[in-house]
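The following blocks contain the structures, represented as structure tokens.
Look at the two complexes coming up: chain A is in both, with chain B in one and chain C in the other.
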Partner chain A sequence: MTSGAVAVRASEMGEAERRELRAARGRGLVIALLGAGALWAASGAFKVAAIFSFWLLEQGGAAWTITTTVGMLWLVAGSAAIIIGGMQAGFGARFPWRQSLFVIAPLYVAAILGALLDGQVANMTGVFSGSLELAVPITLGALAGILSERSGMLNIAIEGKFLVGACAGAVAASATGSVLAGVLFAVLCGMAVGYMLAWLGIRHQVDQIIAGVVINIGAIGITNFIFLRVLAKNTWLNTPPTIEKIKIPFLSGIPVLGPLLFSGTPYLYVMLALLIFFSYMLFRTRWGLRLRASGEKPSAAATVGIDVIKIRYHSMLLAGALAGTAGSYLSLSSAGSFQMGMSAGRGFIALAAVIFGAWNPVGAFGAALMFGFSDAIQSLMSILGVDVPPQLLNSVPYIVTIVVVAGLVGRVRGPAAAGQPYTQG
Partner chain B sequence: MTVWRRTILPALMPVLAVFTAFVVGSVFLFLTDIENLKHFPGDPVGTILAGLVNIGKAYSALVLGAFGVPAKLAAAMGSSDPKVIAGAIRPITETLVASSPLIFTGLAVAISFRTGVFNIGVEGQFIMGALGATVAVLALPDLPKPLLLILAVVIGTLSGALWGFIPGFLKARTGAHEVITTIMLNYVAAQVVLFGLRSDFLKPAGSSTPISKVLSTIVRVPLIFQLPAIRLHYGIVVALIMAVLVSWFMFKTTKGFELRAAGFSLMAARYAGMSAGGSIMLAMALSGGLAGLGGTLEVLGTVGQMSNDLSSGFGFNAIALALLAGNRPGGVVAAALLFGALRTGGGLMQVKTGIPLDLLFFVQALVIMFVAAPALIRSIYRIKVYSADGVTPQ
Partner chain C sequence: MRLELKEITKRFPGVLANDRISISVDRGEVLGLLGENGAGKTTLMNILSGIYRPDAGEILIGGTVRNFHDPHQAIDAGIGMVHQHFQLVPVFDVVESVALGAETVTGWLGTFGRAAARRRVVELSEQHGLDVDPDAKIEDLPVGVRQRVEILKALYRKSDILVLDEPSAVLTPAETHDLFKIIRGLTAGGTSVIFITHKLGEVLEVADRITVLRRGAVAGTVKPADTSREELANLMVGRDVDLLVSKGPAKPAGVVLSVKDVQVMNDRLQMAVKGVSLEVRAGEIVAVAGVHGNGQTELVEAIVGLRTIDSGEIVIGGENVVHASPRRVADLGVAHIPEDRMRDGLIAGMTVEENYILDSYHRAPYSSRGWLHAQEVAAAAAQGVRDYHIQTPSIDTIASSLSGGNQQKVVVAREFSRRVKLVVAAQPTRGLDVGSIEYIHTRLVEQRDAGAAILIVSTELDEVLAVADRIAVMFDGRIAGILEGASATREAVGILMGGGE
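Moving on, here comes the complex of A and B:
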């Protein structure tokens, strides 16, 4: 009786639904197989200790340690994967499998990390605060990308703005002896570059990708040129005062979280504040709605009286300011001077974070943290002398981005009108 | 009047773009000449004159470095001493050596732009091609030389083509934006090359620098002139043949027409029954293949050794170059010769006057900007625009 009813239901299913069910079962099987692999890895690894430690109050101080075995980590990861794989196969297309990956992935990362460390103690506070540090410029750059692309301007020039900001920040801070002046000048130069991009794209209708390429090549050329011709001989122009870390009273006293979140450079706090600010502005205010409307359907936005051109100029200026700030971080906070090509592709990683975070500030921050994490793990590995090809870890952010863009994991859709020139009719 | 509009004006715009870019470059040269500027408050006229002299010195070093010293060339005409001849023609041959990879990468970018795909990944495809050829040579060093050379060229070309095909495939199948995927693949390619160069298979025993074993002792692209210190090899000939082939393919064959149709309007091409996805994949594979061939000839002809800085921005320069050339193969050759001359001459300029070569990157960016935004040039030189009917000035 029941089986007959199921048979009827199955025959009533449309071709699309059946295909979805098949795909879901396939995914479930793949996830479950991954789980089986983890269990197999677990069977031989119960004798290897996995020790993760966290600093309690300050970097290098007393630590709190979690001790387990690599086998245990694999067991947890494998069981979770098998359960989720089974649920995916059972529930079919209704199961939120993309979200479930966020549960499985960290467990696997922990297990793989434990296996690689092979009994050595890993200090996770160092790794996490390293990830956070690395995430600062990427998040700021991604915010710049989100603002410009949400308003309808493709922005592949973040890398160029980083370089200009880093160079301008170092020179101004060295010349005046004030960090603040350096940051301010970096912001201004970033805005100038942003304005130029907007001017080429809007006023002259230059293809926005080409305009971005122009800015990137020009920025590399001019900053290298200034470094070699001016800064190399006049080193007093390239020895900026560095920005010190600030401990926030009370909050920095929270065990574990204190040294992680509340003892960073001012950039960290500014970045977090801007993240919250722009998330609110973009999605909860009239300004944000108008900005997003110009990026989705500029003609419709113009019909209801929105000045699309003005909004695009404004967002490009803001984006320039944000990317300039990120650039100043590179030369004023981490390195202590400007070096040629010091952005080292981080502007493009920021671009990746924009897409990865689905043009949402918080999502982009998450992506930036992930990219920072893979960087921090790599430096941990090289400190501990673990033999993993660094090129492999270095490629992870780029490969993951390609996978995401190709929609193999989750289809992300950008602002519909990004990259298309708009002429006011 | 018609001649002016149809022939001279289109050719004049790139020339004016390059000229204007150099003028702006000179301003930067002047403004960054700190030593000279220190005298400005006391002696403004003298400072400006000295600045102009410095700029003149720099640009003349650039020209001499790219084309050779006329007196030496004249002396070489009547001489039979190979050293004298080599010394005289070396700047010109070096310009050609620097131009040939640019012809390949420029053609690669031009094909993709004509098809409406922005292949920013030529840099990655170039080094992947070189890596493929390097692996082929080191894997089968005992093959007969000509066979090995042909095999390495084929494998290098295919490696580049594969690296170009990936983003083409992703674009056609999933709509993944090729600008993003090719930028990311550039970085992945750099990591793959670094990984390869750290492996025992490619690196000389005991070496820790990312440079491969010497390939030129096993096989190399034959040289055109047997003169001391002249590196010019048959790669430039292959490059010119490729320019002719690309021109024929794009403008005289059905497939080429389909690619250009996809470039004009993907939608229209689809309605005309052409496979837009197929065009994109073909264009990206061809583009990557050309870049890979360029990388192969660079590593097996010019350098003779694979390293992680084999390409000094050939792929990125190519974007500027293709735009300057209006994506025409003939224009690519001309623009590549210009850029090659800039690179070679820039080297002498750097040695003689201490002005960093990087100035030329900035000038290149300005060139693309002026070419991409012709209204800028028109407003500077007050050139009138004629509408399509050729009668009414706008």
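Moving on, here comes the complex of A and C:
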């Protein structure tokens, strides 16, 4: 007897569709107006050159250069926006407008970049590989966040685990002279912190946000103490060997892509491998199915004999290991030593990437790349002496996150039971 | 397989939920399990399915003692349970929900064999006549279909003992009919079924044997052929129950609620109420009958201020409430018993006492200048618990640990604790035992005779025919017809409910 309900739905489709169409027209108009703005910007900028270069075979070697004008960039971006806006208004709800933004946005970024550079050459290999480098810890942190939240544990202590991992990694690597030992120790310490968070949240049912805050503050305190009281006097404990970049044979010989993707630190490769691995594990395996069930509806998982508590402990340990690895990257890769507060909020950026990526590893990686990109652009600007307030550039990714999370992605929903303690009867 | 529970005892803080209960089911038999709210039915079944550990007693399957330490062991022993509150993951699809916990995997990563699982689901649903789209997401499915998914879950695990905990509380009569067909098919194949319900007619229809629980103990076991509704009701409650509400003729006075040409959208932005006009007078009970999902939910939410209307007019006691807040509506003397008590009626994690004052905590005598007066609150809540026979260890008990029926009584007690001009009650007796239904119906009639206007929304024909002075039948967002309660017949209402002329 559900026919009644079906009848309601069928006969009222009309109204819902009309609303959709109106919304689509509105969106189309906004996009087209953006396009018109770009065309207006183009009109005055055909004299300004825009030069982007890419390293062909190795960093610092021969370069491949694209030369165009800023006006041209604006023209292409503007036309694309007008066409897509028109299609949006015309086709209505059937038009995949969210995806179309992935076409428009890079074109606008290129145009704005060109305008800011005002004729100077921009080396994009540097920008892109810089983005990737910065995306490494953020993606690892986001993976940690995704695993814990998908299993039902809020994890805002990623920042703290970064710090602990960075400190532990630097000390162990310095003491043993082995980078690998540093990473392993960072992983262990990350897991210890993860276990503590799980123990507070599961065993003692401490509010998971509060437990996370406590751990973050505790991590700052402990690592600061170690730095000031131990490492400052014993500098031999804070001069770790740094991790070398590795060129992957054959692949690193691919023009343009080689120097960009296949000449990085092992961290980059490990991160990419983990990304693929956990995407598969989460969505294609029994392990992932059970983990997601524990985070969405733990009682449903428990009634079919799944040990929710165990799953949550395991996921927190894994998350700790991932965040610890990311932490060791901070001190062992670029910096070459541990510094106070060196995570600098990246653990929280990782959390933003979790949300931006809708609790999906690949999505989070995309968000991490965006955060990394804006950071890399900022360093490029300061090297080239372009006068843009860095604070402004810095805040762009967050503004984008807010816009995306609030509007574009639509109803992104996190795991329904994240943060709720689970008690078995 | 023959199942026996022997002398099962389970104690919760302050309650003896199961007191040396012994029941048994034979192979291919349907055991009806009856009992008032809080009698311990769900607790007993949770023990059977390994969720709770009994304090004493044992479980025998096919003559051998089995003690379950976790749900897994119970599932392995062939026990399948369809819980009173469905245990499905809303964002999973049907295949994932059914296979969860019993997945077949391949490879060293443990890849979930979705294709194989899907084949099994399709096969089982065809074999047992359980019509389900295997790729649909659970949250998009109506409750009737979700229930089929739950049954599929049990079949997927090759259960030969199936427990259904109040499976029909949320089903339409037609869905219940389908369910009975499924149950008969299963028992013909040798499955034993334990069927828990509050609906006496259903248990008489489907059960081979009926065991009645009262206050945690077995009150008796009977055969349907040798018993009657009256006897069952008496066994459950321990006294005679009036299965028919006794009420005098209505004396309608002035109009209290007037709904004019109201249109309301549902959450999916579809028009759910398409121009409804209705008047309820002081001193009469108007029932809105109809199959669930024909706009009743949205209409009620619009009246009590929980949903904005698209067009039309709603007037309560002379005041236009189209833009009024829920509190303003409540202040006008409107009592609201919501359809989904766990979502809109109670705050599950708060105590009985706190829930009891949810609607008037901001007023004397419960508070003044922002301070709560603990003594007044406790005294009022204790009085409510006594008046409504709410079974709870204390007023400090968390609402979610009460049995379903007692949660409902907390809501009713709270809403009737104020001076009421209009009662809007959606499914007021869903999940309640016969004794409580009698009690709530009596209270509704009492409120009517005290001069309140009463609007009841119900999908239960029995309830509508028992209490209503006038019956408005809703179909497809409109009022299909209005009948006089005294002269209405099941058939006449049933036809209108199906949209017929």
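By our rule, the second predicted complex is superposed on the first by the 403 of 425 C-alpha atoms of A that agree within 3 Å, B and C clash if a C-alpha of one lies under 4 Å from a C-alpha of the other, contacts with A are read in each partner's own complex, and residues count from 1 in each chain.
To be clear about the criterion, a contact is a pair of C-beta atoms (placed from the backbone, for glycine too) under 8 Å apart; a residue touches a chain by one contact, two chains touch by 3 or more.
All values reported here derive from a predicted model rather than from experimental measurement.
Enquirer: Of the two partner chains, chain B (first) and chain C (second), which one does A:Leu251 touch, if any: first, second, both, or neither?
Expert: In the superposition, A:Leu251 touches no partner, neither chain B nor chain C.
Enquirer: May I ask you to decide whether A:Lys297 touches chain B, chain C, both, or neither, giving the answer as first, second, both or neither?
Expert: second
Enquirer: Who does A:Arg19 touch here: chain B (first), chain C (second), both, or neither?
Expert: Touch status of A:Arg19: second partner only.
Enquirer: Look at A:Ala273 in the shared chain and tell me whether it touches chain B only, chain C only, both, or neither; answer first, second, both or neither.
Expert: Neither chain B nor chain C is touched by A:Ala273.
Enquirer: So, A:Ile383: does it touch chain B (first), chain C (second), both, or neither?
Expert: neither
Enquirer: Identify the overlap between the chain B-contacting and the chain C-contacting residues of chain A.
Expert: Touching chain B in the first complex and chain C in the second, no residue of chain A appears in both lists.
Enquirer: Please give the residue numbers of chain A that touch chain B in the complex, ascending.
Expert: Those in contact with chain B are residues 156, 200, 204, 206-207, 209-211, 213-215, 217-218, 220-222, 224-226, 228-230, 233-234, 345, 348, 351-352, 355, 389, 391-392, 394-395, 398-399, 401-402, 405-408.
Enquirer: Please name which positions on chain A make contact with chain C in the complex.
Expert: For this pair, the touching residues of chain A are 1-2, 4-5, 7-9, 11-13, 15-16, 19, 280-281, 284-290, 292-293, 296-297, 299-307, 413, 416, 424-425.
Enquirer: Along chain C, where are the residues that touch chain A in the complex?
Expert: 46, 49-52, 70-75, 81, 83, 87-92, 96-97, 99-103, 105, 109-112, 142, 144, 153, 172-175, 265, 268-272, 274, 290-295, 475-477, 498-499
Enquirer: Write out the stretch or stretches of chain B touching chain A in their complex.
Expert: Residues 28, 32, 34, 118, 120, 170, 173-177, 179-181, 183-185, 187-188, 191-192, 194-195, 198, 316, 319-320, 323, 354-356, 358-366, 368-369, 372-373, 375-376.
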